[in-house]
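So, here's a batch of structures to check.
Below are two complexes that have subunit A in common, paired first with subunit B and then with subunit C.
Up next, the complex of A and B:
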């Protein structure tokens, strides 16, 4: 088809369930989603206009947040719908081939790696756990104005109150770090892999609480409930953190390779790989 | 404890979705984090320059922190980044900026020697500009660069260069 190129969302094993999952599904730009199979792996694909996805226009579009959001949501929508039915390896946004021939070629070339990762991820889901430090948890020592500080010179009173503030803040941080560790331990008991994402910070974080950890766990589907209640309990009332749980996600954070695998598991942040490797060894 | 997945009836009408419900309601930051930063990377026929991807990823980390507010904060890199946009070249040249900075240093030195002679009362302009810098910092904790840059006295609106893309922002408001 001239004027269009093939956008690949993810890779899965071919099956009637996969065909079902894409039936009627719409992807980027509202285009119908289809399956391109080669051997025993299959790609989830749709046509996108070459005018938007050739190198230059693509680079230009990526500057446009609205465009980026639309494509990201469409990409995720397809992955999400497919993951509801079958195990899928999500590809990074905007993986594009000139035509289905190119898609088949990459499926053939990467077949073994895709298969082994699919087998590993089968029956697992990803849960996101973000922990926020509750500002209320910061013990707010008696503010200045006590009898004692009135005896101090203004300078000393100031320094003293500063140091008290600092101590309180340190304590709050330490308490939050402890809580993060406890939640992580509770979560790990039910997870087979773990990846630490960067904390989300800045104005988008609603409210006043600070995101202190942002983790993804790969959890056997059957243990999701146990996982969730463990996390909720560990971050429950009386702890200085609040948990925000998202998911279940398709295994985005675990698609890129088994811990210790040679491929770029987490090229961007090396600590993840080590972490993942350790998690895998964690007792169940 | 809030759990967004409790309101996660996504856009997929299929009853197959009870367990996969993120759908369109998922937080954009969470989605971008995953579709851009995670997922398998395989070479497509159409390549985004790898450097561009890295750049984009770095910038998106900022963005993930602040998608809604980024524009308000002036982190509008997608509009002004010379490496991404052709119309970002209207900024004054670096040498021009250097010249201004040198003038400013000279002016400050002059003020300082006056200060030594008499009690500090009329605070030199530098301090006033320091306030501006602080406001800038409060407005968005994202940046390091901004703090350093804010005291720059500028007669004309400036566009930032790619090097401090993270800190890009409108020029200091004041300049009486």
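Up next, the complex of A and C:
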């Protein structure tokens, strides 16, 4: 194993189905995926080159979007394949141990918390619901103004037109916020947990509409259809938002609550937050 | 989890299970979701906070309204205490 470290994708209960799921599966860098078990929890692991995943090279690589994407997709590929067969607790990207001994140690130390979270997630899937504000209708009158505004000085006409735009924008935001609330209520009726992700901005965003909400819902598998119908209806025609639904995902957004969080009250996980305020594991 | 329980939607609009997932949706989940456990020496140094810091300029344009893509600097110190 010299020259390689252990990359951990996720944690599951050991079972023949898990062994089947990883058979032939390839992870980061195309390395074969294997199961490392300790007690009644098991990690899904592959070897990765230490030269790429030690502190300095990792920091450099993470500035490279192509490299990051390759690792992220490999990680997701493994989690997705495993999640199709068994309940899996996905780990954060790039969770690295020096060797399998380190993996076993964390499995042993966190065993109870892993098991309890796995039990909670069994039979559930994650759905992503992103809402986009539909572009607001143009304020009445073309820019520069006609009719009344044409009698105003250019400066005043400009200010009036700006003011109208602002008003229209405020109204559009209010309407979108109302719609976000309604969709959330509709979705929550079929979901057992909810996480609010940060709205998507920046160069990776496709399209031009404004993302106004980015939520994840943990939904019992059997209620997925009802969940999807409810969301589609609440964000349907006549509403100022458009929904983009992703999934089903392995429960990435709901994996929190494992090691370090044992002392957190069970009831506290109803409304997790994934944005700046969220801390996945309890302190200490 | 049994994905089989969720048939692909009929209308072809969304979701699109066959389509490659968008990287940004994946990063939402892989960088803010997932269990955070402290790795061995490697990760205890190169903690996931490093990922956040490194990616800050890359993924999300920073503004005063949006100072930090995945958690503030204040949250990062707390992560050091995450115990495996």
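Heads up, the rule we're going with is that the second predicted complex is superposed on the first by the 243 of 284 C-alpha atoms of A that agree within 3 Å, B and C clash if a C-alpha of one lies under 4 Å from a C-alpha of the other, contacts with A are read in each partner's own complex, and residues count from 1 in each chain.
We take it that a contact is a pair of C-beta atoms (placed from the backbone, for glycine too) under 8 Å apart; a residue touches a chain by one contact, two chains touch by 3 or more.
This is a predicted model, so every value here is computed, not measured.
With subunit A as the common reference for superposition, the partners subunit B and subunit C occupy clashing space. Once the two complexes are overlaid on the shared chain, A:253 sits against subunit B and subunit C alike. By the touch criterion stated above, A:63 is placed in contact with subunit B and with subunit C alike. In the overlay built on the shared chain, the residue A:213 is in contact with neither subunit B nor subunit C. Considering which of subunit B and subunit C touches more of subunit A, the answer is C.
In the superposed model, A:86 lies in contact with subunit C only, and not with subunit B.
In the superposition on chain A, A:77 makes contact with subunit B only, while subunit C stays out of contact range.
Within the superposed three-chain model, A:236 lies in touch with subunit B and out of touch with subunit C [touch as defined at top]. When the two structures are aligned on the shared chain, A:95 is found in touch with subunit B and with subunit C.
Judged by the touch definition given at the top, the superposed model places A:106 against both subunit B and subunit C. In the superposed model, A:46 lies in contact with neither subunit B nor subunit C.
Put simply, subunit A uses residues 5, 8, 11, 53-55, 58-59, 62-63, 65, 68-69, 72-73, 75-76, 83-84, 89-98, 102, 106, 110, 125, 128, 195, 197-198, 200-205, 221, 224, 243-250, 252-253, 255-256 to touch subunit B in one complex and subunit C in the other. Every residue of subunit A that touches subunit B in the complex is listed here, in rising order: 5, 8, 10-11, 21, 53-55, 58-60, 62-65, 68-69, 72-73, 75-77, 79-81, 83-85, 89-98, 102, 106, 110, 125, 128, 195, 197-198, 200-205, 221, 224, 232, 235-236, 242-250, 252-253, 255-256, 264, 268. Against subunit A, in their complex, subunit B makes its touches with residues 1-5, 10-12, 14, 16-17, 19-24, 26-49, 52, 56-57, 61-70, 72-73, 77-79, 81, 84-85, 140-142. By the touch criterion stated above, subunit C contacts subunit A in their complex at residues 1-7, 9, 14-15, 17, 21-37, 39-43, 45-46, 48, 50-51, 54-55, 58-61, 66, 68-72, 75, 78-79, 81-84.
On subunit A, the positions that touch subunit C within their shared complex are 5, 8, 11, 50, 53-55, 58-59, 62-63, 65, 68-69, 72-73, 75-76, 83-84, 86-99, 102, 105-106, 109-110, 117, 121-125, 127-128, 195, 197-198, 200-206, 214, 216, 221-222, 224-225, 228, 243-256, 258-260, 274-281, 283-284.
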